[in-house]
Every structure is written in C-alpha cells, then in structure tokens.
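Got a structure for you, questions after.
Chain nomenclature is as follows: A, B, C, D and E, assigned in order of appearance, with residue numbering initiated at 1 for each chain independently.
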C-alpha cells in the first residue's frame, strides 16, 4: 500500500540518553525490514516513533507520501506488537484480538472469522476465553502477535514478537508471518535478536548501534559483506573470528603463519582479519592457506562442535581461532591444521573499523 | 498433618495476623453501637417512661409504619442521595480526567480541586446558606446583576429549590472525594494499554470507554458506595443550611433520627428508625451489587 | 483547709466572656471555697442542648449548674435530670422575678430553674418613617400591613415587615405571638388540649402568608432566622421587625444606618385582643447528679441576686430577670427602652411547658413551614399538625 | 480527556504549527474546574478580609472596600487558635497514620492472601460503612464514658481511625489487586517476608492510593465536628472546627461571618499546604517497567 | 550444596487446566537442568512450584534432604529469574540488584562489590541509577538476571533469562552463567526456548509436554537419541524430517526408494523414519543409501541453505525431505541425489511414537 520513510530521526531523552541519533530508512510496500542491534541500541524507540507513541526530537516520518511525524497514533493505521505485550488485562483473549477490529467497525462476522484464523495460526484457539493473567508467557506473546496480525494495517511493527516461543512454534509462526505479509504488500518493520529469523524473514536488515544505522542491506550482504567491524562482530553466531594482526610486506602475520593481504593501495602497519568459524575448515590436502594449532576447548552446539584452536605462535600472546567442525570426530586437545579460505576472509581497517575491500554495489555507511 | 504446614495455611495465618488489628478496631467501635441499636429498638424508652427501658416488642416498628414523617424523610433522603451521588460521580469523573492530564500548574489545580472537601462542613454550610440567601446571597446578586431575574429567588424557602440548593452544596462539597479517588485510579492504569489501544486506532472516547472505565471500575464502585453511605447519612450540611425545612422538605433520615434521639429523647423509637434505615441501605446495596454482577457476567469485558 | 469545690457550667460561647469577666470573677472572690468551671459550649443553642443531653444520658453529667433556655426546662425536668428547687426558695422571693419567667422554670408544679436573663419577642419599628408619614405606630395586624404598604409605596422601604420564617425554633417563637394575638393557643399545658386546628390558628397563618403575598415581607422570609431579619432591618430597607432585645444595641450602634430611628413595642394583635410576646431567656438549675448541690445553690442565689444582676446588666447589656431592674434609674439611663420592655415581658406568652415540647415544636415547625412555603394548604397542614400533636400527647400519658 | 491524549498530543512543535483543539478544550475544562472549586472558597477568603459593614452590606460588596486583618487577629488573640490547630493536627495525623498502618495490612490480606471468610469480612466492612454515622455517636459516647476516655485525644483518635478504616481497606485493596502479582512473588523468592514485602515493595508502588486515602482520611479527621464537640469539652483540647463553630458573635443570634470566614481560612490553610505537598505523589507509572506481559 | 528433587509433582488449576500432571526430576549439586517444551506446557509452573510460589496439588519437593513442599518461598533460599522480569519498579537498578542481599544482611561493602561484579558481566554498569521504566526490554531482562546472580542461593531457577538479549550478549552471558554456576556447585533449573542454549549450558535436559516429562537425558542423548516422536520433532532446528512410511519386507518404502529397516522383532505395516536435515548429505560416489528428487524451495539460513526436496515417487502424495546444504552452490530447481546415512536415521513406532531402537542405558519414559 504505502512506503514507510524515516528521515534523519533523532530521539533525545536527556542530554545523556540519546538512543536514536540519526536514523534514515526506507521500507517499501513489499519490503520486510529487520532491525538488528545490541540490547538498548534504540530499536524499540524507533518503532515507537513510527507508531506515533514517541515524538522524534528531530526528523521526519512519512507513510506513503504523507508526513505523519506529528499525527496521533490512532490516525496512522499501524499495527504493532509491543515488546512488553501490553495486553488489555480486563479483556479475554478473544476480546484482545478483536478490539482493533471493533474499533474500525469491521462487521462482527468478519471479526469472528479473522480472529479465528489468527488464533488457529498462533495456537490460541483453546485459550479464547482466558484473560491474560491466566496464561503462560509464550501464550501472552502470541496474543500480542495475534492482535497485530488480525488488523489490516498500513504498516506493521513487530518488536521481538517471537522471543518467548519455542523453536517449533516460532518456525511455524515465522512462515505464516512471511505469508501474511507477502499477501498484504505493506511495509513491515521487525525487531529480533534471532539472526536466523532476520535472515529468513527479511528482505532488508538495518543494523543499529550507538544511535546510527551501521549497515542497511539485504541479509546476505549483511552476513557475507559486513560493512564494518561492528557488523562483522555482531552478525553471525558463533561470532566471527576477528584478529588484529601486524602486517609485513603484503602479508598479515598470524602467529607463525602468513596470510596474503588483499589488493589495497597502502599496507597499514596493522590490520584486522575476520573469518567466520564456519568458514574455517580442517585442511585438506592441497589447501594452501593453512594454519596449525592446538585445540584447547570444544563446545557442542548440537549440529557442530565449536572448536577453539590456539594458533602456533612464537609470540607470548595467544591467538585463538574458532572453527565450526563436524561432530563426527573427537577434537579435544588435538593438534590440527586449519584452512582459512581467502574468499571468506574479511579485512578491516584497525582505526576506523571499515571494511577494506568493498564492492562498488554496497551502499552502506560506516 | 500436611494441612498444618501447607503454604496455604501459613498464608492463612499471616492473613489473619494482618487482619486482626483492623477487625478488632472495627468491632470495638462499630459493633457495640450497632448491636445496641438493635437491642434498644424493642424497648420503649422515652420521656413517657422517664427514660427507663420498657420492653415493648415490635411496637416501635408498628409505630414507624404509620409514621409519615419517617417515610417522607426517607423519600427526601433517597432523592438527595440519588441526585447528589449521580452528579458527583459524573462531575468527579470529569474532574479526575482533567486532573489526570499533564499541564503546567497541575499541582495547584489539583489542590484547588480538593479544596471544597477540605473546608469544614459546619462552617461551609453556613456560607452556603448565606450564598443562597434571597436578600444578601451572592447567587441572587449575580443573577440580578446579570438581569436574569427581577427579584431575588427564594432558594431555601421553596421546597424544591431548597432541596436543589442542598444537593448543589453537597455536590460541591464532596465531588473532590470522588475525583481524587478516581484520579488515583486513573494514575494506576498503565500507559502501555493506552498506547496499544491508540495504535489499534482508538480515539479518546473509545479508550475512555474500553480501557479507562473498566479498569477504573473498582475505584468507581468504592467511591459510589462510600458517597452513597455518606449521602444517605447526610447530617451537618442540611442541619446548618435548611434545618430540614421548609416544611420538612429537606428533612433527611439522619436529621429525623437525631431529633428523635437527642431532642425528643425517644431512644427506643430512634433505635428502631436506625435499624430500619440500616436494613434498607443494606438491601439497596445488596440489590445493586447483585444487578451489577449479573450485568458484568452478561457482558464480558464491558463494565 | 478544704480543697475548693469546683462547679461546672456550660454556656454558649458568646456568653462566656461577659460571664467570666463579671459574675464568675466576683463570685469566686466572694466565695473562696468554690470555683466555677465555665465550659464554653458552641454558639448555637440547639448544639448546647444536645451537649447537655448527651452528657445527661450518660448518667453522670459533668455539669453541676445547668444553664437552660426556657424551653428545655420541662424536658430536662421530665427526664429527671434536674433537682427541684422549691424548698430552697420562698414564694416571696420569687415574686421579684417576672411571673412568666418563673412559670417557665416549673414543670408539673415543681420549680427547677431560676431565671437569670429574660428574653422576649417584640416589634421593632422605624419611628422616623412613621412620624414622617404622619402615622401612628401599629396596634393591629391590619395597621401593620397598611403602614407597611404605605411606606413601600412611597419607596421609603423595600419591605414592610420581616419575621423569622425558617423551619426552626424561632418560627414557633414568632408564631405563638401571632397566634396569641389572634386569640388562639397551641397546647394547653394543663389540659393538653391542642388548638392548632382552630380558626384562630388559620387566621394567624393567613396573616403571615398575606405579608408575603402582598409583598410586605420578602419571599425569603420563610428562610430567615433572627440575624437575617435583623441585618435586613438594620440595612434600612424594612419598616418593621419582629425580634428579640438583642437587636436593639446593634441597631442603635454607631454607624448603623438606622441609629436613633427606631423604637420598640409589644407585638401587634387582632382587634379586641392584646399583643403577646414570646418568652425566651435563660435560667439556672442544678443537675441531679451534682455532688455539690449546696454550693451550686449558693451560686444561683448569687447570680440572681439583685445587686449582682444590676452590675451584670450594666456591663453586659442583658435583659434582667428581676422586674425591678427594668425601671432602675441607673439602668434606664443606659437602656432607655427597658421600661417599655417590661411591658412586653409582662405580656409574654410561654411556649407550652410540656415534657415533649421539642417534639411538639418540631411538629408545628414542619407543618407551619409547609403552610407558609405553600407546600400544603394551611388547613390541611394544621389539621395534620393538630392530630399529630394530639397523638403524641396521648401516647405519652 | 484520557491519558492517550497526553501521549499523542505533541508538546512543543504542534503548538508552533497549529492550535490544538484538544488543548483549548483542556484549558477550558481546567478553568471550569478552578471556578467550580474555588469560587465559594474564594468568597470565604474575601469575606475574611472585609470589615463587618462590608460583610453586611446590601447590595453585596464583592471586594473589600477596606482590608482588615482584625478577624484573624481576633482569632489568635481571643482564643488559643494555635492550640486548636495543634490539636487538630495531632489527632488527624495520628488517626490517619493509624488508619493506614492498620488498614494497609488488612487490605493486603484481603487482596492477596485469600483468608477464610474473606467474603464475610468484606461484607461486614461494607455493612459497617452503611451504618448511619450520626448514630454511632450515641453508642460511642457510652463506650467512651465507660472507658473514661472523655477529654483524651484517644477519644477522637480511636473513632476517627475506625471510621476511616473501611475506606482505607477497600481503596487499598482495590489498588493492591491491580498490582502485577509476579512482583510480589519475586520479592518473596528474594526473601522478603510479608511485612517487608508490604512496606518495601507493595506500598511504594501504591503510593498514589496511599496518598489519596491519606488525604481523604486526614481531611475527614480534621473537619469532624460532632465527636469533637461531644467528647472534648476542655478548652485546650478542642479542635479547629469546634472552636470555629464556637466563635461568638456579639450575641447568640449573630453569626460572625467575618470571624468564621477567617477561621475557615485558618482551618483550611494547613490542609491546602498538606495537599499541595502530597498531591505530587499521585503520579502515574509507578509500576512502569516492572513486568512484561 | 544440595540436591533438588521433585517427586510426582502435579498442579491442577481447574479440572480443565492441569499444566503439570506428573513430573519427577532430580537435579544434583553440580547439575544444570534445562526444561524444554512447547509454549504453555508448564515449565514456568514447575519453576514456580520449586520456588514455593505455587503449592503443588500433589507431590513432593526436596532440597537437600529437607522436604520443602510446604515451606514458604522466603525460607528456601532460592534465586529466580522471572519470565516477566518482575523488577521492583520503584527501585533503581542498583537497588534492585542489592535488595536480596540487603535482606540477608550481607555487609554493605560486600553488597557493593557483588553488585558491581554482576553489573559488569551483564553490561549494566552504566544503568545503575535508572529505574526499570527507563530501560529497554533487554536491559530490564538483564537486571532480572542480575538480581538472581548476585544472590548466594541454594537453588537457581531461570525462566527464559536471555530471550530478549542479542546473540552476542547472550553468548557472553551464557558463558558467564556457566562459569558462575560451576563455581557455586548448586542445582540450576533453566528454562529456555533456545536449543543452542540448552545444548551448551546444560548437563541434563528435561523435555516437558502435556504435563509429563517426555525425556530426561544429557543434551547429546536428547538430540541424538530422541526417546519418542515428540522429542524428535521438537528438538533441533530445522526440524527433523519425520516421514511415515509403509513397510515392505525389511524395508521402508520412501517414494521410489527403499530404506532398510533396523533390527526389530516384528515388521509393522507402517513406521516413522526420522532424519535431521543436517544429516542428509548430497550423495557422494560410493554412498549406498541414496534417494533422488527435485529441489522446490531453498531457504537461506545464513550458514546453510535449507533445501526442500520432493522425492521422486510414483505415489500422488508428495514426500518432502529437507536437507541442510552448503551455500556454495545454487540448488534451486535442481534435481539432486541425497544420502540418508543409516546411522543417523531414527525409527519410531507409528502408534505409540516411541523410538524403536533404544540403547539400554537410556532411561527415559515415553
């Protein structure tokens, strides 16, 4: 229906607390934007400003072509899932779900039907007559989600809507969300800490930190081409290996090993090498870019082991590289050789943190 | 065995420890007067018996049945109570809503709004009688100056007007009781809910109707109950303002009871009056709460 | 030596000051063994009555001396709270007081109260206006109406006559005067006959209603108490006022718009009748529960003695209870209207001294107020009042 | 008129761009509330500064032609008015504190601990509030007399506390019930016993209710007339309303409006200050952020 | 310090709502038990009963050798993180953290120190003077966690304590939790919906459903040897492929392919085959147990693609197998051959849902 546009939003609570410093975003009709960022970085605040619950200190919010910056919340036709649920304690689940529709004078039969559909999706069908006080945390969250889903809104805002659901249910609801929003063709802004969710659901991810958008890109780019150190370190679990290494000639020195530098104009004295643990492989015959070291910690992640390897080094300072390795072997205390495929290595400037090799097409800010 | 140690029975013990002082005090102050009223009501004890109690069974109640003055005062009280409690509720709710807003100087306005409740009834009753005086009263003075009337209205001399004036004074005096109570209730409603509801598309009236009212209901009920009891027992304001006149038009039950006991020294009959009034009140409250429960059961979510 | 005996006495707040400065101080000086503990009660007399009642009900009254309004005597006596005083005072001594005042202290032929202050209702009028108009002070109700209307027509005054019409004891006090002026009666204390439904009563009511109807009295008069009427009168807008003696010094005070323009006379009456004045006033009795009746009596004797009264009246401006004092030259010098007042006092009527006075009065107040404010017709109202009163009196005896 | 307005109306900028209809409405409402509450009281205030001639003047004199402090001076010189204020304050503070101290635990028990006979207790509290107050006084008189409590502060403190208890209990109970239960659970796990829980967790969160009932009960105690009149006969123990009602005019009949107005002002001023001080505790969001869901 | 023991716990709210029907568990000193289960299955209720906030309808709770079933919460010395946080709204973060210690009369200097330590771990150091109302959802949750961690409790109960934290922070806090509890040697009961969390943190996992414990085992066993269909389907993300197949001789018929049955006494007419998507491999030369099919959906999970393959079949009913495949190829619409390694296949009874091949050592109930 309409495009959502945020222009240079700023929210200042007190001179010391400025969670949103300068945020500009556009979410198109059919786009699904996920806000990612560390706890307390201002994600909810951005949503609240979009919803009209908080007035921006500066900046502009447009829905379609209308400037809604100072429009009251009720006039924006937005559906929102609150991080805190904000269920109506005096209403049953059914009434909670139906309230938004009743307000918009949707015919009763349609209300019933829509509520029933959503309740089905969220597994709330049996709880329709309960009040929020008599439900489990996950059930409450589902009601909160349901309350937004039944609506026919111009913009959907979802603030960590699935955080208290079990994996299975979450997966199901996620699929349904995707379906519903794809059908409705409206902008969706979604906050989550679950990166799988971010990756599978969104067409675009905005990574917030320190009040600024660190990178705004499709999820693959965020994952595969982090714009800066912060993004690189934040996205992906287990975290990317980020090693600050001295440079020597066209090489970065990793313990007793050398990693060839990418094609950069000048060679800095130090550089940050980043590689995701899942890209670190056990060396196979013929691999060139290898390092050796000793396993000193093995963590079971279910599908994989997260293996921490102390790289052989003549320096006193230990260099640790973590690798995600298959569970079919026992890695403990072994000496192993690992491959760091050069196409999976990210290079960052030590000072600015910016990625050093950036494709032209990437339009991210640092 | 388990029962003795169960969490529940511990809770019981704590509950009773917490309740005991309050219940004892209530018992101490209320039980004796109430029971004594019941006891005295089956005796005749007045000037005729030289104030000695003489058992007379239900005589007092029989006499009451034919006592037009009592029934008339009961009616006057009902009119007074209904009118004043209803207006106070509406007005009090309105004022509470205004006071609940954030604006500059809110503290002063809140304090002002409580002011009428803070003025001593005995004194302010006099002031009201004076304000409504047909010659020196400012009400008439203002109306005259505005040219709305030609001669002073005899506010306290006309049965209907006198009742209205008394109701007005009472509403003025006790609306703050309701508004401050409701204000506290309003303040305890979480902002979240309004936010969620406004995002859902609710306008001001709708959030009032569907969030404020239902969540404020406990406080509304308490305020109404107390005002109901107080208004039904209204004494000093009317005593000072009209003395029950003109022609008994504003004589309320407690005025009559007070006269019976304190001035006519007709203790037995006075006690019977108390008992009957008391029972009527209990019945009224019981019926009201029954209806309310039924209504609430029928329309879930609504008030 | 003995510890001094303390006598407690309750008194309305405004009276406390004059008492303390006068009577009490002197008495204590003369009787070192007796202290008087003057308890300042509320301003309003009905609250005072209630205070007495609640303390007596509890059996042990904290008061030894009972300072009573005239209409309380019979109730207190009937309730058995007072000590009869007949043995302590001779008939001879009593004759010094106004007979009506003494009568007001009796209940069922026993004396319970010795008067200290008199109070009577009377008619105040604007001597200046009447003189100016070349008229004579009114004698009858009709005169009153005519003069009023004449003065009103000339725009000398807004209103002709103001009286106390609010539903309260003052209404009854005012009404018994009018009733008596028409030759009617309320309750005969001896036979308990009730005269409220007799034609005289209706005529009396008709008179009062006519004052409003004809614009002689303001409509609000049915809500007035003493002060409302006095203020109206004192503002110079009214020709006649029915009130108590207290209004005199106020109206004659410096700065009062009607200073020196007024006079008093007994209440007007129907042709062939005499004008009546309602008797009020205070007297003192002794509480039955008092532990010091002898000392209390001593105090009463002292307070009511001629010498003391003389001094007290000069300083406090009260109306004396002893007849002699009305004409005492020293007093007349200060209060020139007192001789006139004596005439009024002598013509006073008592409100029925019966035990159930309060209730009888309430019945009359309600129905009278109803009739005056037009809530019910006078006939129906008085019929009902009479019946109710009869029922009450029969039930009790 | 409800809270969302406070959220959605936008201070600052909207003011610049356009006049807000709601704001004007609010302003009018505020003015009306002020007028309604203030006018008669203001009248008393003006009267207290008028000379007697102005008070009695017809037609009415609205603003004093001559300001006088005589009525006030008289209050304090003729009578120990400070003493009365002290008495009122002592009795009111004590009984309010007691009512809250006794009422809050009881309210908590009724709100959360589900004692046996809860319904019966609640019903009795309701019934007690319905008993015509004026009649309590006879029975109480007998009790006071039997216990020889007359002319003792306790004679007022006990009945005031008791009469205020039902209101305190019911109001606080309704507020306690609205609290998120998880909070109390959390406190229990943390090791708070019931009393600590009440004092340190529950009461701070229901401050608006406490302050409100406190104000209501305090004012009730401050202004109560009949008991104070009957149970306290000694001059030095009288409370403000009784003392004010006993202000003499020159005669029994005269109502000394000026002095009464002054007494009204003097008697109300402490309350105004008190309310002014405490009303800021009636604030929203005391439980904000406590629980999720 | 002490062992925690639950014996046949039952909680009946109303005759219709019986979230906990019969739960028996033991958590030793040094054990870390995770409760897993679908939303609304009674996890929080179990915790609340352990804490003494809810009285069991039946059953017994022992801490050490003491029966605490009817002991009030305050006397059990338990620290708990509430799912709803339940922060004291009128206290600052510092006061919230310190309150439990103050109550136990810990000396002020020690309080300060412990609070500072915990705040450091949770990144709360800068928020010490805020009140809960002024914090973001994740910050609130951290305070809730902190309030439990500062305590020196006999048992720790944590109800979804990290659900609102970002991945990075969560990982860090998780490591710290592990450390702290390992040091203290007290039973810990933990509720989470994050299976990685369950796997990495716990020594034991109890899977709850329908009021019963479905399986109580170390995490590897839960993952690798699910006791029944429910567990198999619930644990692991993406969900295990669970295919109900007809049997023919000693084979299960999967589309046009045959999968040899395990060693079971009698061959049932139907059987459920389970295999995790990550165990399904692209067939390599020499693989025996292969199936063929066409890719019809590819989902990007960041590290992997989740590829849904429609198995070639002469039946009309489509059989879908999902596999987790590397991201180095484009799988869309391809025809591929997959291997189902027989050691990774789980077999379940169609009726009872029980696993058909169970090791002796596994002591789980169905």
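Worth a mention:
Quick note on the criterion: contacts are C-beta pairs under 8 Å (C-beta built on N, C-alpha and C of every residue); 3 or more make two chains touch, one makes a residue touch a chain.
Source: prediction; values computed, not measured.
The set of chains touching subunit A and also touching subunit D is given as B, E. Contact with both subunit B and subunit E is made by A, D.
Chain-level centrality, scored on Cα centres against the all-protein Cα centre, points to D. Counted by C-beta pairs in contact, the busier of C-D and B-C is B-C. A separation of 15 Å divides the Cα centre of subunit B from that of subunit D.
Remark: subunit A and subunit C have CA centroids separated by 93 Å (rounded to whole angstrom). Rounded to a whole number, the gap between the C-alpha centres of subunit A and subunit E is 22 angstrom. Between subunit A and subunit B, the centres computed from C-alpha atoms are 59 Å apart.
The residues of subunit E that reach two or more other chains are 52, 72, 83-84, 134-135, 137, listed in rising order. In subunit C, the residues that touch at least two other chains are 50, 54, 57, 231-232. Contacts with at least two other chains are made by residues 135-136, 190, 195, 197-198, 202, 211, 215 of subunit B. Pairs of chains that satisfy the touch definition comprise A-B, A-D, A-E, B-C, B-D, B-E, C-D, D-E. By the touch criterion given at the top, residues 48, 51-53, 72-74, 76-80, 82-90, 99-100, 103-104, 131-135, 137, 140, 147, 151 of subunit E touch subunit D in their complex. Only residues 4, 7-14, 17, 181, 292-293 of subunit D touch subunit A when the two sit together in their complex.
On subunit D, the positions that touch subunit E within their shared complex are 180, 182-183, 185-193, 196, 200-201, 204-205, 285-293.
Note for the complex: subunit B touches subunit C at residues 46-48, 50-51, 69, 133-136, 151-152, 154-159, 162, 242-249, 251, 259, 262-266. Of all the residues in subunit A, the ones that touch subunit D in their complex are 52-53, 55, 70, 72-74, 83-85, 87, 132-133, 137, 140-141.
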